[in-house]
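Note that the chains are named A, B, C, D, E and F in the order they appear, and that numbering of residues resets to 1 at the start of each chain.
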């Protein structure tokens, strides 16, 4: 059974998933320690290669321990970057999901506010540097 | 003497700056511990209120110690957010300036690569969540 | 009677349309072979020149046969470009309308997934190329 | 003779233009009262329909007197909107061209600074409203 | 009492506001001559420095008379720039708020249509100039 | 020996590459049938995981035959999507690289013009649909 209501394409329910899709759904729940597969992943499952491709990348960069990679950034910093990019692009789903993820990692409201303060400030200065076409400063090598 | 070459508007040189503009130029060099005023600030000086406004905000959020504010994020994390936003917007000036700033704070090439890896990953997932119009997951309150 | 609910400005209903607006509404329904005028066009009708301007452009590029133009791209490819741009900009109305249009042209879920896979991939590589300020490769002329 | 250097596609020189392209080139120079055809239009001429389409729209909205349309906005306000959008998108060509156009219309550096101040401020508040996913306020009808 | 429903973070209600936040809430209502504090400002109040920072900037540029600044642009023009930027970024909250603000200043539907016509036209020409990588025209100094 | 000039970070030259990086460089040249490694890939090599991650994704979606995947879209259509996204984001490196790639696949100037015509048209209609906050049309299920 598919659920047309949650997106412009049909999402794959956990009940109807089989084969590689079912395996990835199980891996998502196990890696993220959650009870059900989020709408994002159920929607990507309409194309199995896409599901595999994006989940592989999210595992690699956002769950490095699950692939034995030694990260340079900690989990909170990774979520802050996710939030800064998503605020710049105005992606509602991503902002909902990653604000929740950041809160679960212990990011309090005041710190979230500082992330948004700095992300929004650079949206301002980006528009100014581009708007005036400011040439990069020459730096000593 | 103004320098028309560095932007679409005339930048104010340090030599011609006077009054409030000269004071802000001095504060920029002192706060940032640099020898000359970057092109960005010299360009904003074409409108004194704009220079004052943007410098005030950059001091508040990027140089919190200069205004006696207790930041939640450290200087490296702030620069990573600046880079993530600037990469998303493709702002050349900002990427040059803040990559240099991050490097001066000790961010090595591999860590910078991880910042860009995560920022670019969310540019991808943002396009997917928006592209499929995925509805936010319902969460227990 | 206008319908304030569907946008921040008043949309023109088919019943109240007259003159040039009524003619364009009829042309939209006839060209697109649909029964009612979509909200987008009813909203643009608040400024008759805007309605005429945008409909003229959409006819020219998306319905080339209606203006006797020989297109280089087929209808499915045109819709894929529409979807790739709209996913990049995150435009909800456009994604809803053009996903439906693509589906009516026979684009199946797996192909739509490939369009989104590629569009999202380039949102990622764009952020990387800009983020690192990579210089274009020199090419033999 | 075409000029490959100015863009990723071949631009059409004024000397090689003929037929409809030559007519549009002449109209561009006459309408804008300039001596040579800007690179933008020479590049669009690689596809004659594209040149015709975009020039028609620019005439309609930016040179309304040339098509007998009564504009609501004056020429300076139109250029300010062009600049605000181009700064938001970071379009170098457009910022160069429209800063020059605004200056020719008498927009001084301080006013240009105020345009950029306000455009950049809304790039900041847009990121904040999106970043926090603020719900629109309910308003009395 | 906080209101979690209006955003991904908790908004501060007017009843629970105290100290500096309560003062800014009062200043917002007085400066804008409105009866209640909009959701945007209540959400920013989760970080007091952010509220103070953004309100200070909005006062300076959008309510210049409240800070004794002599603006170059009138209130309608400022709102048009806000709308052009917000349409480019697709910020729902900002478009709702500033369309209402423009209407209260007397901007009629046809003029709003012309603002959107021009803002959208430059989103098109920006994509073309960038898409073809058109080089800026050389201009006589 | 690294080459600092081509980006804000150090690019890895082919001569200094070793181990996994050298293998990927060889795979890039072999898969793309080119003589030297483009700047983009040499820059990503500053973080080996990033190089591996992005090259894996580009192989999967843009060179499906190299990974034994049956694509739904042909190579020209894939390049058109790459160009439409890159024009929307204004990414210079990507536009240069993928215009060249499209030309090598036989895409003539007039067809490239049609791709840009349609991509730019949707940048316009996206701004309009968002700018007026048009509600999606209700469709029969």
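Operating definition for what follows: a contact is a pair of C-beta atoms (placed from the backbone, for glycine too) under 8 Å apart; a residue touches a chain by one contact, two chains touch by 3 or more.
Keep in mind it's a predicted model, so treat the numbers as computed, not measured.
*Asks:* State the pair with the higher C-beta contact count; candidates are B-E and C-F.
*Replies:* C-F
*Asks:* Among A-E, A-D or A-B, which chain pair copies the contacts of D-F, with over half of them the same by residue number?
*Replies:* Repeat interface, by the over-half criterion: A-E.
*Asks:* Could you state the distance in Å from the CA-based centre of subunit A to that of subunit C?
*Replies:* The mean C-alpha positions of subunit A and subunit C differ by 27 Å.
*Asks:* Using Cα averages as centroids, what's the distance between subunit B and subunit C in whole Å?
*Replies:* 35
*Asks:* Of all residues in subunit B, which are in touch with two or more distinct other chains?
*Replies:* 8-9, 44, 49, 53-54, 57, 61, 86, 88-92, 95-96, 99-100, 110, 114, 116-117, 119-121, 123-128, 130, 132-133
*Asks:* Going by the contact rule at the top, pick out the subunit C residues touching subunit A in the complex.
*Replies:* 90, 95-96, 99-100, 109-110, 112-114, 116-117, 120
*Asks:* Can you name the residues of subunit E that touch subunit F in the complex?
*Replies:* Checking each residue of subunit E against subunit F gives 83, 86-88, 90, 92, 95-96, 99, 116, 119-121, 123-128, 130-133.
*Asks:* Which part of subunit F faces subunit B closely enough to touch in the complex?
*Replies:* Result: residues 8-10, 44, 46-47, 49-50, 53-54, 89-91 of subunit F touch subunit B.
*Asks:* Under the definition above, what is the set of subunit A residues touching subunit B in their complex?
*Replies:* 5-9, 38-40, 43-44, 54, 57-58, 61-62, 71-73, 77-78, 80-82, 84-86, 88-89, 91-94, 96-97, 100, 110-111, 114-115, 117-119, 121-130, 132-137, 139
*Asks:* For the complex, which residues does subunit E have touching subunit B?
*Replies:* Residue positions touching the partner: 4, 49, 53, 56-57, 60-61, 69, 141.
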